[in-house]
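The next part holds the structures, each set out as structure tokens.
Shared chain: chain A. Partners: chain B in the first complex, chain C in the second.
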Partner chain A sequence: MMKKNHVVESITKERMVQLLASGKRLDGRALDQPRNLNIETGVIPKANGSARVTLGNTLVLAGVKIATGIPFPDTPDKGILMVNAEILPMSSPYAEAGPPSEDAIELARVTDRGIRESEMVDMTKLGLIPGKSVIAVFVDCNIMNVDGNLFDATSYAVVSALRTAKMNRYVVKDDKAVATDELIPVPVERTPVSVTIARIGDKLVVDPNSEEEASMDMRITITTDDDGNICASQKGEASTISAEQVLQAADTSISVGKAIRAKILEATS
Partner chain B sequence: MAGTKKLIDENGIRLDGRKWNELRPIKLQVGVMKNADGSAYIEWGKNKIMAAVYGPKEVHPKHQVLPDRALLRCRYHMAPFSVDERKNPAPSRREIEISKVIREALVSAVIVEDYPRTAIEVWVEVLQSDGGSRVAGITAASLALADAGINMRDLVVGCSCGLIGEQVVSDLDDTEDKEGNGDMPVAIMPNLGLVSLLQVDGVYTRENFQKAFELAIEKGKQIYQMQREALTTRFFGGEAQSTEVEEAAE
Partner chain C sequence: MPMIQRKQVIPGDVVAKGNYRYGSYIEKRGEEYVALRVGLAEVGRDGIKLNPFTGPYLPRTDDEVIGKVVDINGFGWVIDINSCFDGFLPASFVFGRDFSPATHDLSSKFRVGDILGARIESYERSRDPQLSIRGEGYGKISSGEIVKISPTKVPRVIGRRGTMINLISEKTGCDIRVGQNGVIVVDGSPDGIVEAIKAIRLVEAETHAPDLMSKVEAALGGGVVGGN
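The block that comes next holds the complex of A and B.
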């Protein structure tokens, strides 16, 4: 996403690989240390839930909107959950307006997968009239500033926004779903945490910034749940990873994810 | 989600009669398209997928030229009639994502540095889909690349493993993918021992994650032998014949 100046890039990468050999990163972090995570919720009062998340200089704003909708034919009694992400043209000098890029589509789908597969939201509690009407939860993410690792920042924003979202309680009257004035939380059951790890040379680093992403060979995002289960993953970039490093990345994502989960829970309860 | 249909019976036999670690029948054929520089056709269970390769060729539009290597283009596309309900022929977000991960899975095997300023195009058309179409597509596409005579470090072979309940199973079909509890497509370069595609959904304990991942690699190596046979038939076996390999029950 961020490869621009090839000369500077290759010099930077050389230096980065040298430093990594002695267990250091250009910005002084340890290999398994994510950047500073800051979560602010309820920033958009018109949304049902919202969160402004910064991960280093990466800034993502997630907003939840809740309405009624028609269920999918194969899940007539379950609600609808859609997670989407857009990389705004204001987010970096290299982002462009227009239809979503391949990167933006992958970002949105990988984020959605982590939330969906972990069964974070109990969809069975979002059914209203089987086959006719269910509650539809839309989470839209605006990527406002890009400094690497959009996957994790977006995921934390979605989780934080959902955890703090309030929706109207619906009642069924005369075969119609009617919203009441009573506000209730979204039925959140789990707290999935995404951890993205980049391979630079032969070293794995957690939460790569833009500079590291420009030098990375491979990226892997692993989402874990409260019990340390793995519920989603995506390998990216035009290179490979060894089987041992996949398992190493899985262990790292479980341990790093645990610390981040504690932070998210603290910021959202 | 699970449990609506019994996907594995009390004897550990799946709906289509397979054991937990068995593959569906796979049929591979290389060099099946007249115009393409390389091509391969795969039937994997009910999947029917054609892969064709053009190139190295001139890059259009010119501004996409890479001065030091080839540009690998890849499109994974599902025919409107390939699934139960007609699929809109326009590329969906799913197909765009899969095109991207297939390209990334293949590009590390192709020695792109050997073809600077050119484009290599890989077209994967799913004619009938039945679960695991992306790994089947990768398996066929890497044969098509080899058939086109493109320099490669290794073949790429894919296999998907997953979960039914807490049972790890290999090679999920469509029903198991939809009704089961997890799907993990993996693509490997078997001789180099490297993983070039990994996606996961479902909830895996750390132990099941490793079991499914390692099973996918093991099954991939098995399919790699079929790829070799298909290439051998193509280049040394006279008439292009199909290589049918059915796995014996263990």
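The block that comes next holds the complex of A and C.
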């Protein structure tokens, strides 16, 4: 029989709510404490850039492929950036093979939006021949183990892979883009960090694991850049959030994001 | 006393040659008995046994299991019993023979997320296992913390005639209930629960270590209260 959703045991949820009231969590973390983050880069030799990120038990692999492509008609002189994510069937008992689920599509879009709207990659430096040829950056993510908060783990993997990616320098010869042997880094300008916050009862918790995700009322993912500017956000699940809590979540995402950014910079420099 | 030989095997290993009675996960090929799983093989006078290191829970009639209600349909509850099969608890087993979907409200008894102690009433390969909560001690479990271990390690957690589980229970003052499916509910004082879970995790990690009892005893500290 198919298992559709992660059902949290009612006695576990009861304890979770009890502990949250006293500012603790089931796994012993503080409310604003993310899980252990581990970043490895350059794990796929044939990709332009790659990263394997573990956030607690969540495991994400991201790979960057860079090629030339035809620009979109509305941005003839800018490069192309595409972030895609796939949840592998082996990653969780609830993931199924086949066309991507709603969750997988949302995951890819939220990750893409964080990278795009923070202007992490300077797209104007990826233009080659206006209207004809530009550099296209594809980032593909594979979720290999699911234990909650795929948004952040995937985002960190993409950012780390892009920061360490190397591409051929292209030159324009006779109205054609030609790759040279020289390897240069991707023009990365900023380091966006996404922080997902879940509301369980009236408490906000950072980096929910799968048990917390299965018991949460709503979640909000906020991406901030190096200067503490909010560049993207996404709210999920049916329930609402008060205005004060949005502000509280924004502050938390900036402060938590700062610590995580330092880790990403350390792992990718 | 008969000599029991134990050895670690991988699929394809010849466990023994000759004429033996043999259990699951072993195949007879001519004279040879071949292992089908990674595990610990025991060759004794009364036959060959293979205890796999990992594996799913395979239901057996009359097993006591601990399950989680994951769905309710018109005729009963679908129970996650930590297996590749979902258990089914028919409503007529709970409401009696005059059960009718029109008059009885199933969610008034058990809701999605509730934990149940149950017994495998019947199981055959062509159908999902059927559960029953008839009998003392079965039914909803309303407090405690849940620990999941590999179902293949349940016998070690219980110990010979329950010695291991009694030891942990007495040392920590916790009520520990072990389902054959690898789900354990630990109930007691908050500190006791933490200690008990640590001990269970130790048994799980060092399943095949010799003299596991005294290791667990040392980890729990203090003098022997009950034990053997």
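Note that in this section the second predicted complex is superposed on the first by the 261 of 269 C-alpha atoms of A that agree within 3 Å, B and C clash if a C-alpha of one lies under 4 Å from a C-alpha of the other, contacts with A are read in each partner's own complex, and residues count from 1 in each chain.
As a working rule, a residue touches a chain if its C-beta (ideal position, glycine included) is under 8 Å from a C-beta of that chain, and two chains touch if they have at least 3 such contacts.
Nothing here was measured: the structure is a model prediction, and the numbers come from that model.
Q: Kindly classify A:106 by the partners it touches after superposition: chain B alone (first), chain C alone (second), both, or neither?
A: First partner only.
Q: Output check: A:15 vs chain B and chain C. Expected answer is one of first, second, both, neither. What do you get?
A: Second partner only, chain C.
Q: Classify the contacts of A:174 with the two partner chains as first (chain B alone), second (chain C alone), both, or neither.
A: Neither: A:174 stays clear of chain B and chain C.
Q: Could you let me know whether more residues of chain A are touched by chain B or by chain C?
A: Per-residue touch count on chain A favours B.
Q: So, A:234: does it touch chain B (first), chain C (second), both, or neither?
A: The answer is first: A:234 touches chain B but not chain C.
Q: Which partner does A:254 reach: the first (chain B), the second (chain C), both, or neither?
A: Touch partner of A:254: chain B, not chain C.
Q: Applying the document's definition of touch, where does A:118 land relative to chain B and chain C: first, second, both, or neither?
A: first
Q: In the complex formed with chain A, which residues of chain B make contact?
A: 93-94, 96-97, 99-101, 103-104, 107-108, 178, 182, 184, 189, 192-206, 209-210, 213-214, 217
Q: Which chain C residues qualify as touching chain A in the complex?
A: These residues of chain C touch chain A: 68-70, 78, 80, 85-86, 111-115, 128, 141-146.
Q: Which of the residues in chain A end up touching chain B in this complex?
A: 74, 102, 105-106, 108-109, 113, 116-119, 220, 222, 225, 227-243, 246-247, 250-251, 254
Q: Enumerate the contact residues on chain A facing chain C in the complex.
A: 1, 3, 7-13, 15
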